[in-house]
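You will see subunit A twice below: alongside subunit B first, and alongside subunit C after that.
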Partner chain A sequence: MTQAVRRSGPVAAMRWDGWLPWLWLLPATIVLAPFFFMPLLLLFRNSLNRDDAVALMVPDFTAANYIKALTDPFYLELFSNTIGAALLVAITATVIAYPFAFFIARYARRSLSLVIWAVYMPLFVSVIVRVFGWMIMLADSGLLNNLLLRAGILATPLRLLFEVDGMLIGMIHRYLPLAILPLFNAIQKIPDELYRASSNLGATPVGVIRDVVFPLSIPGVAIGLQLVFAGALSDFVLPQILGSSRFRMLAPAIYTEATTNMSVAMAAALAVLMLVFIIITLAAVSVLLRRFAPWARSV
Partner chain B sequence: MVTGASGDSRTIKTALTLYAIAVTAFLLLPLVLAVVLAFSSGNNLQFPPPGLSVQWIGKALESRTLREGFMISAVVGVVSSLISAVAGTAAAIAINHFRFKGRAAAQALLMAPLSLPGIVVGLAILFALPLLGMSSGVLATIAGHAVIGTPYVAYMVLASLANYDLALDRAAANLGAGRFRTFRDITLPLIAPGIYAGTICAFLLSFDNVALSLFLSNGNTLPLRLMQSIQVYADPTVAAASVILILMSLAALPFLERAFRDASTGRAI
Partner chain C sequence: MHAPAANALKIDGVSKSFNDVHAVKSCSLEVRQGEIISLLGASGCGKTTLLNLIAGFELPDSGTIQLGGRDITVVPPHQRRTGMVFQHYALFPHMTVQENILYGPKVQGASIEGLAAEMAGLLKIEALLQRYPSQLSGGQRQRVAVARALAVKPEILLLDEAFSALDRNLREEMQIELSLLLRRLGITTILVTHDQREAFSLSDRIAVMDGGQIGQIGSAKEVYRQPASSFVFGFLGSSNRMSGSVVARNNAVTDLRIAEGLILRCNAPGRALGSEMCVGVRAESVQLARQPTAVHRSHPATVSLATFLGQTVRSVVQIEGLSVVSETIAAADIELPVAGDLVFLDIAETAVHVLDNPGVPL
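Right, the complex of A and B next:
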């Protein structure tokens, strides 16, 4: 700080300037220091404590919770369920989003604002409403089963609600906009001349997409994958309402450990592990981008 | 050759158009279903509904638990988004107007709540409450939601500051305006759309929040009440409440549009 003041000039009044940005940062510090940074440190510290049936949480300094979480089959299944579901949702959402984002970036000139509105709209509607919509769709007497039964495709209703499939469909719907928007941004930046130049040089439409559009859209793909993966990995509402009790997911498990099971130290360790998974994907994305899209610096 | 290629791209375009319509329908479908079911005369999730009625709208408006939840969520949303507005706007100005040591770190820390899962932040704040002399309830929920809202406001304000010319500040100073007047008469009007949009975003996020409220409230915010009633009854009351929530979001969208345009055309942040 004092260095910055010295560098910024010899005038005495500049000393006040050195403090000025920190003054502007003060309100955010008052909010974030006690209610974000201190709690996160405490979360990490508590994950090293011991849970006790009688005394709740006993101060300790042990990795026991982490060892248990990473060796006990019960928790291992929890992680493989959650990471598997999140990967599946991230990849599916990106595959669905890609042609859509390409279309709105390239062709939807007049209807662009309408389509963008349709992408943003679900994001601003309560997630409870969206989940409820899927319950209506997937219920035994819901829309999908009604259609399939009437069309004679099914003889008995398909069981989707409160099953893994229904939860995955709900998750793909919830996070699809997060895959579409970064892709749209990336593809929109590709100049028209590149398309014309490549087809003048004899590239087929498929060749243009494979060799020109796709490599340039890698930042959008990577960011979308990461956002959807992180969202699905930490989702509470979807597994809780649409999910199956036989397919346990991490976020509801953290809540159950902390409340019903009174294992707060274990809950803290699971929460830290969730953070670690998300940090790993963030790091993977930045490595991937440096390797395949070195021009995209500001990510 | 040439006609063949353009014929190809026309086929691709038609296929993409149909695909885009299908994806748009998929995105909007659950919202439409919830709205239609709100006017069902049946008492379960049967779709298409057996008949039409407004009984569930009436039931939702009469429900004491939902009304109480709505009031609590409204208070938490308004207060926490106003706190976020002040903290986020001021922080955005610090990041945009000044070059100081630790600026990059300050920006990263400011945006950190954006990439952390709510369930982790909620549990962490729950641990900290005793140290802060607080317990779960409306105040704790407001504080938690303000944490999530602050980086959103900062992001939106930074977007509207992207094209802000600092020469304006110097011109104002040369003309004799003090720092406060410069801020009030020059800076504030120019970044107002960003502040509005960020604050509305923060409000909607708070109003819809589950993961933090789970730990910090006493289970009485509107989303938690709706979740409980979905899990117990699964009747159209929730659909009726959904209509009200969708109308609220629709009312907010026009305010957000301009800021989103700023955010998508402005410099990368």
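Right, the complex of A and C next:
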């Protein structure tokens, strides 16, 4: 009945039906098109230009910046440092987040909203403020070293601040909520009946987690890894303030390239490469997920 | 291994409270080998808690549970050898049908040789073995859930409202098929349901539960025809409650005046003349007649609503402010009651259940 009416209805109404829903995207498009996609395109165009010591950026159409970035040992070390640190942070944050997420999803009943709020809380505080907090904690005469020295665990203070270690600690702390929240969401969605079914069929409590909880939380693990990896890879503040100048990271290097070295085209090429790394990783995780968790699409 | 009359399951005085709520109150139940028993009751009557106590998902506050002669009261669920079919089936979404079926035997270290095919054959799901649960219909999921529970060769099968998620036609089809299968395999089964029809069509005996207690246990005929309590009477079928005063008594029978012209006779000795009594009559025991009957001699009642239900007609009849529900056979050659008809009620003496019988716990 409705089918027949719709078919015989005015043609104009059908056209409206077709594209009307897309209007919902209009506000976002108005903001994103001029302020995100356009600059991104300009950035890409700049990366094909040539830097000149005197004339600064010279219009050109060359892949020289990319070739240099992907062959010069200086830049290759930059990439391996950054990707390595981002991977380490992503994996460590996920490992720390997992038991915590499992606990709040399964056992935090009355305290749930408080604990979730505590997870979100750091996101409300400026990262600069948190970095200064870590400086106080990690300094040679800081809280951590003070405690370890007084307890007699250390004889000389650990050098953490302005070293890779301090930067990694700060990064893990900064991105931990991004690992916890998707994991919490994935674990919370596993119905109680599945835990019971698994143990009814003979699985020990450890078996239930291994066979049911962990596989079903893999989509959450993947999202957390992706978010933390992308964040750590492009982080500027933490390497700049907590990190070491001997362990160079990509984002501060781009900044130095563009401001100190006046190599805007090279900086643009590095920025495009960073984006490509992130896209490749996100795509790789999605492909792996489809391959090893084919059920996840239909859940 | 067991003597023929051995009890597969023996529950003795089991109680369980949650905070201040007594979910199960000193329940005792013995289930024979190969028997199918239903725990029938309204939601909140404790039937699911009792099932969870048997499966080990909850531990009782007191009492003991024995399965196959072994005390399992505090044994953790994974060592109990019960097979549970959950209300929403609880299939593992990340495993195919075959992986779901073989999961139990695998974690228990049992042989899985030919098991998937055997279980699939029993439940006619051979074509579905490589599918994921999300690709199955409700009926297919239920079949997989039963196959998975049977694959561990459980000592007892537990069905928790296992049919409630299915459409009516499919539900009845599955009930018949499963009933035949369970009897063929001779597997001891406990079925939790709130659906009287389901309990009656599947089980050998029915335990009617109310307020955490088993009110009566017996065959479908017994609990329906000889209800042990006013709750059991009211819970099964559709029934009328009427009260009246004793107008005559003679040995074992008592005559009760329900309304002007309507005097019911019931089997209840020892009532004082003029005392009030409450009786119950099932809707299908209330027949409608055009002429005065032995119990309804004058002052006809008025049909206020008559609903055609296919096999029967359900009529609501008004008599002195009392509404009486009657369900009569709707054969093609019988004139059916319609609203506004004047009718006389006919109720057999054996159909009148005395509901308040002080001193004698019925």
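Things to note:
Here is the rule we go by: the second predicted complex is superposed on the first by the 265 of 299 C-alpha atoms of A that agree within 3 Å, B and C clash if a C-alpha of one lies under 4 Å from a C-alpha of the other, contacts with A are read in each partner's own complex, and residues count from 1 in each chain.
FYI, a residue touches a chain if its C-beta (ideal position, glycine included) is under 8 Å from a C-beta of that chain, and two chains touch if they have at least 3 such contacts.
Worth saying up front: this structure is predicted, and the values here are computed from it rather than measured.
In the overlay built on the shared chain, the residue A:Leu194 is in contact with subunit C alone; subunit B does not reach it.
Look at A:Trp295: by the touch rule set out above, it reaches subunit C but stays clear of subunit B. In the superposed model, A:Ala222 lies in contact with neither subunit B nor subunit C. Comparing subunit B with subunit C, the partner in contact with more residues of subunit A is B. Of the two partner chains placed by the overlay, only subunit B lies in contact with A:Leu26; subunit C stays clear of it.
In the superposition on chain A, A:Ile136 makes contact with subunit B only, while subunit C stays out of contact range. Contact with both subunit B and subunit C is seen for A:Thr204 once the two complexes are overlaid on the shared chain.
Contacts of A:Val212 after superposition on the shared chain: subunit C is touched, whereas subunit B is not. Residue contacts after overlaying the shared chain place A:Phe100 against subunit B, while subunit C stays out of touching range. Touching of subunit A by both subunit B and subunit C, each in its own complex, is seen for residues 199, 204, 298.
On the side of subunit B, the complex with subunit A involves touching residues 5, 8-9, 12-13, 16-17, 19-20, 23-24, 26-34, 37, 44-48, 83-84, 86-88, 90-91, 93-94, 97-98, 100-103, 106, 109-110, 112-113, 115-121, 123-128, 131-132, 143-144, 146-147, 150, 154, 204, 207-208, 210-211, 214-215, 223, 226-227, 230-231, 234, 238-239, 242, 245-246, 249, 252-253, 256, 260, 264, 268-269. Residues of subunit A touching subunit C in their complex: 191, 193-194, 196-204, 207, 211-212, 215-216, 293-296, 298-299. Across the complex, subunit C meets subunit A through its residues 55-57, 76-80, 82-84, 86-88, 90-95, 103-104, 107-108, 132, 134-135, 148-149, 152. Interface of subunit A with subunit B (complex): residues 1, 3-4, 17-18, 20-28, 30-32, 34-40, 42-43, 46, 96-97, 99-100, 102-104, 107-108, 115, 117-122, 124-137, 139, 141-143, 146, 173, 176-177, 185, 199, 204-205, 230, 233-234, 236-237, 240-241, 251, 254-255, 258, 264, 267-268, 271, 274-275, 278, 282, 298.
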